[in-house]
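Common to both upcoming complexes is chain A, partnered first by chain B, then by chain C.
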Partner chain A sequence: MRPDWLRRGLDYLSERLPVQKMSFESLVTKKVVPVHRMSWAYYMGGLALLFFLIQLVTGVFLLFYYQPTVSDAHASVEYITYYVNSGFLVRNLHTWSSSCMILCLMVHALTTFAMKAFARPREVTWLTGSMLLALTFAFGFTGYLLPWHQIAVNATKVVLQSIEEAGRYLPGALSGLPTYVKEIIQGEASVGQATLSRFYALHVVILPLLFFGVLGLHLLCVQLHGMSQGTDTPARRSEKFFPIFMLKDFWLWGVAFLVVFVLAYCLPFESFYPYPLFEPYDSLGSTPDGIKPEWYFYFIYYPLELLPFWVVMLGQTLGGAALFMTPWIFKNTSRKVLGIIATLVSAYLIVITIFGHDIYEMFKGGGA
Partner chain B sequence: MFDLLIFVALPYVALLSLVVGSWVRYRTHAFSYSSLSTQFLEDRWLLWASAPWHAGIIVVLLGHLAAFAVPGWWTAFMATPAFLTVVESVGLLCGWMCLGGLVIFLVRRFVNARLQAVTTLADVLVVLVLMAQVGTGLAVAVNHRWGAAWAPGALGPYLHGVLTLRPDVSVLTDMPPFVKLHIASAWVLLAMFPFTRLVHVLSLPLRYITRAPQRVVWTSSRASVRFEERAATDNERRLFLRAALSAGAGVALLSMGTLDKFFKYFLKQDLTEDEQAHLLSAKLRRLKQTAEERELELERMSRDAILVAPMAELSTTRGKYFIDYQMRPALAFKDAEGLPIVISAKCTHLGCTVGQDVDAQGRILCPCHVSYFDIKTGQPNLGAPAKEALPRLGWALKDGNGKVLLVQDPSGGREGSAEPGQLATSLLYILKRYA
Partner chain C sequence: MKRALWATAVLCLSAAGVAQAYPEFQRYSKERSGRSINCALCHTHSDGPEGLRAGQIGSLTQEELDTLGLARQATAPGSGLKSPILNGFGNLMLDELGRDRIQELRQRPESLAESLPAGSDLDGDGIPDGQEYLDGTHPLNSLDGQPLKLFRNNLGRHGFHIAMMVLATALGLYGLHNAILWLSTQTGKEK
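After this line comes the complex of A and B, so read on.
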């Protein structure tokens, strides 16, 4: 006789991971994709996967020449860019594709949210997806430091310092915790060789391993549950996953790859920044003007610049919690309301990412 | 003499046979223009023979045609190593597919009783000659590589001569035997053409592609349903094949454009000596810089006092950067009385390094989030992101003999004294005990 809680636990699990569905029939011959107004959203996850694969391959390529030491990191990146055959291409692909991957993931998260694809029994899919998003941001953050140029090191310093800042708002014994965390991440008194080695290990080994595991679970869930309906009334039409949807997906991959390839071939990602920021980091000089994180951190960076620190921290904590708790918080919310929330969030992200600097200038311009 | 027979007489006999024979056969036995398909008698082996053979031979023939029809463009394209490699590899692969298909064609003729009943000597002969043709072609491709590049120039004039009735065998005399055999068996094939099943090449059913699908009306509803189902499956299969083909073509095109670049990435880099020297000197510079930083670190571990600068080098308007005992940046200035001002340069907001230039109000700027710090007190301006003052550092002034003249602790308390005259020649130190 199984105890009641165990039985309920097992029921819960078997509904979320219906492994009995793992058959050729349900995964290949019977699998269908609904066709409706939001069908394009079904491609976003696959697209993000393509960019991840590009990251994987170009990342391994870069490992052939990159050297993770404070004296050689910048020089080796320069060597890749200017001396290795097609080295600029591999590096530009890596930077362009990283941004594309994050963009796709953001759109993917927002659309699955709006389509209520997180609802029972797909909670695990949403959770693993949120983890992948967090891991991708971690990839972005750790990878940003590796070239060891002015903007990379200084931006990393600022971010790590702002972790410490959180200590002020924590009570008593806890107030030392953020500093402790910061020192664990940083590995020494200031951002230096220890930090570089840590970020390198994270970016190249630990995060990818974690990513593979979570991605495997995520894809397994997607496969087991099939495509979510996405609309309130079941779509009238549907198309077969194999081969129709899959081929369309590959077609999109081809186009996306071509676009990123051409971008990488013609336009270094750095051309969006003023040049001196990419000089090797000088630990004895002053911090240069215009230190900024990558565009995909603007949504948290500009609020940090504009609002009191605790407001942003609180908002960030709540936002993060809401992201992970979405399947339970919005359990009974209608798709209409979800759509409105997703639109508002998108509007915020777009406005702050594109006009963040103008908004900053408006409020803080001229300074003192 | 033998060359003349094979490469001048035979071609004309073959061409004559091809044109006249095909014409006559079409006029007299139009319905015999057929491949005499044996699919009804045996279809399993046939798939593995027919599909690779036809796929391969179509590509190979189109390649030959393009090379001899537009030799100028063709050779221009082949001048690019990447194209040449792709064309040669695809050609070789198709050649092997043809040969494999032919072998299966031949084998199935001999192991299947039903087929033996309908097989004629001509059928076997056709396969054998085709095998010779493909075999010699492969032998040329393997033994005399890059035929796609050299063949149009070397053999084009001969073919052109034959077609314009001015045959010239001189270009062939020095050709390797495989090339000669390949050409000879080609003429034999053309000669056999109208007398064998090869004529089906001329009855390409291109109209099938565009004609309207045949509509079958069934009397029984069950049969109708079954038919609909089968039609749907067939349609899906067609769609899949078409899409797979375009996907394959897309991948091939992409690979042509990208793979050579990625391959080059792993080759040994060809750098000139200048470039190597430049790289090496840059690397050494970087290493020296790192070594200097490490020395600073060591110095801070082992010394009780560290020289910042001689007072004569300090200025009231532009700070001098140095590294404090915690390896953090700091700034040293001179005040109006000629005494040192020594403060941390690590912004109390988010840790950026504060700028060194003093503005009219005696302040320095942190560029990250625009905080102005008064250098005397270290206090940030009102409303600045930074809330705390930049800490002041304890320091000592020593004269040239190492005698301590004046010491100030971080809170500002002073010990000792210095004459104005001594100040200008003294040296500024930071002290471990205040670190």
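After this line comes the complex of A and C, so read on.
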């Protein structure tokens, strides 16, 4: 006889993960995809997966040459870029696809939210998706330090410093916690070899293992529940997942790959930043102007520059909690309202990413 | 001991303004382009020529100090000397213009670009060195350039490779497309 809580727990899980439904028919031949004005959003998750695969392959190639030591890291990246056959292309593909992956994941999360695809029984799909988004940001943060150039080390210092600063706003014994967390991440008194070793281990081993596990669960959930309806009224038309949707998906993958290939081949990601930022990190030399994180952290970086620290921390904590609690917070919210929220969030992300520097100049002046 | 004396003498000359870096060019490039520039535009060390670190005067060997002394006397163009505190771009300026002309250009740094050889492109990125100076990008770094110009140049340069990749991707997808259709037909038949 099972206790009541266990029975209810198992019932809850079996509704969210109905593995008994898994069959060739349900996963392949009978699976359909609704066709409506938001159908394009069904491709975003697949695109993010493509960019992840590109990163996986290019990341393995980079591993062959990269040296994770403060004395050799920058030189090994230079060696990859200028001396290894197609090294420049592989490295630039890695960089461009990371940005494309984060962009696709953001669009995927926002459209999934607007389409209410997190509603019962897809809570686990949303939760695992949110974890993948967080892991992807962690990939971006840890990977940023690895080339060991000026912007990498100085931006990492800024982020770690803001973690420590959070302690000022926590009560009692908790105030020491952020410093403790910072020291664990940093590994020594300042950003140095211990930090690089930790970020390297996280970037190439720990985060990928976590990512694979969560991605597997996410994809399983997607397969078990199929595509969500996405609209208030059932779509009038649908198409078969196999082969129609799958074929379209692969062709889109082909186009997306070519776009990122051309970008990687013709447009070095570094060209968007001033060259002093990519000089080897020199702890005794002067810090160049324009130190800032990657563009996908601007949504939090510029508010940190403009607003009181506690306001941003509070907003970030509430935003993070809302992201993970979405299936329960917005359980009874209509798709219309969800669409408005998603549009507002999108507008904020676009404006702060593109015009963040101008907004900063407008309010604070001086170099950001 | 002798080397230290030489270095001290050169540093003293620098302090007296006889042989210092020329920040006018750096300032102009930064203002015009809006991009952050440092001394590595022309110098070996990104913090400039004065100091004791690699590429700075205080770190030079006796032989390098001698070369530096000669380079500083190269008032006319075409000396062919390579100053150890300057990088390829700095030495190009020295060789093409000579010190007198460089001193003169300090008053009107906007004319530096047109004074340099039009076809000179030290990093081979397709953007002439003079233009890179105006754009605030590094003339010795092929990854650094005005993004649109780099994209256009590289697209032209790698056109064949890109066309081959488009062809390969299209053919691969065509094969995959037919394989999936065949598989779909087979599963339909089995059913």
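Note that in this section the second predicted complex is superposed on the first by the 365 of 368 C-alpha atoms of A that agree within 3 Å, B and C clash if a C-alpha of one lies under 4 Å from a C-alpha of the other, contacts with A are read in each partner's own complex, and residues count from 1 in each chain.
The definition used in the following text is that a residue touches a chain if its C-beta (ideal position, glycine included) is under 8 Å from a C-beta of that chain, and two chains touch if they have at least 3 such contacts.
All of these numbers come straight from a predicted model, not from anything done at the bench.
Asks: Quick one: on chain A, after the overlay, do chain B and chain C clash, or do they fit? Just give me the call.
Replies: clash
Asks: Going by the touch definition up top, name the partner, chain B or chain C, that contacts more of chain A.
Replies: More residues of chain A are touched by B.
Asks: Touch check for A:Ser39: first (chain B), second (chain C), both, or neither?
Replies: In the superposition, A:Ser39 contacts neither chain B nor chain C.
Asks: Kindly classify A:Lys157 by the partners it touches after superposition: chain B alone (first), chain C alone (second), both, or neither?
Replies: After superposing on A, A:Lys157 lies in contact with chain B but is clear of chain C.
Asks: For A:Thr29, is the partner it touches chain B (first), chain C (second), both, or none of the two (neither)?
Replies: Touch status of A:Thr29: second partner only.
Asks: Pick one for A:Thr326: touches chain B only (first), chain C only (second), both, or neither.
Replies: neither
Asks: Please work out whether A:Leu258 is in contact with chain B alone, chain C alone, both, or neither, and reply first, second, both or neither.
Replies: both
Asks: Based on the superposed arrangement, let me know which partner A:Tyr79 touches: chain B (first), chain C (second), both, or neither?
Replies: Only chain B is touched by A:Tyr79; chain C is not.
Asks: Of the partners chain B and chain C, which touch A:Pro268 in the superposed model: first, second, both, neither?
Replies: Only chain C; A:Pro268 stays clear of chain B.
Asks: Contact-wise, after the overlay, does A:Asp289 reach chain B, chain C, both or neither (first, second, both, neither)?
Replies: In the superposed model, A:Asp289 contacts both chain B and chain C.
Asks: For A:Phe250, using the defined touch cut-off, is the partner it touches chain B, chain C, both, or neither? Pick first, second, both or neither.
Replies: Both chain B and chain C are touched by A:Phe250.
Asks: Taking the stated contact definition, name every residue in chain A that is touched by chain B in one complex and by chain C in the other, in rising order.
Replies: On chain A, the overlap between the chain B and chain C contacts is residues 243, 247, 250-251, 254, 257-258, 261, 284-286, 288-290, 367.
Asks: Once bound in the complex, which stretches of chain A touch chain C?
Replies: 28-29, 81, 88, 242-243, 246-247, 250-251, 254, 257-258, 261-262, 265-268, 270-272, 274-279, 282, 284-286, 288-290, 367
Asks: Which bits of chain B are touching chain A when the two form their complex?
Replies: For chain B paired with chain A, touching residues are 236, 239-240, 243-244, 247, 250-251, 254, 257-258, 261-262, 264-267, 269, 271, 275, 279, 282-283, 286-287, 289-290, 293, 321, 323, 326-329, 345, 349-356, 366-372, 381, 383-385.
Asks: In their shared complex, at which residues does chain A touch chain B?
Replies: On the chain A side, the touching residues are 61, 64, 70-72, 74-75, 78-79, 83-87, 89-90, 154, 157-158, 160-162, 165, 189-190, 240, 243-244, 247, 250-251, 254, 257-258, 261, 280, 283-291, 305, 364, 367-368.
Asks: Would you pull the chain C residues touching chain A in the complex into a rising list?
Replies: These residues of chain C touch chain A: 35-38, 40, 46-47, 53, 136-138, 141, 143-147, 150-151, 154-155, 158, 161-162, 165-166, 169-170, 172-173, 176-177, 180-181, 183-184, 187-188, 191.
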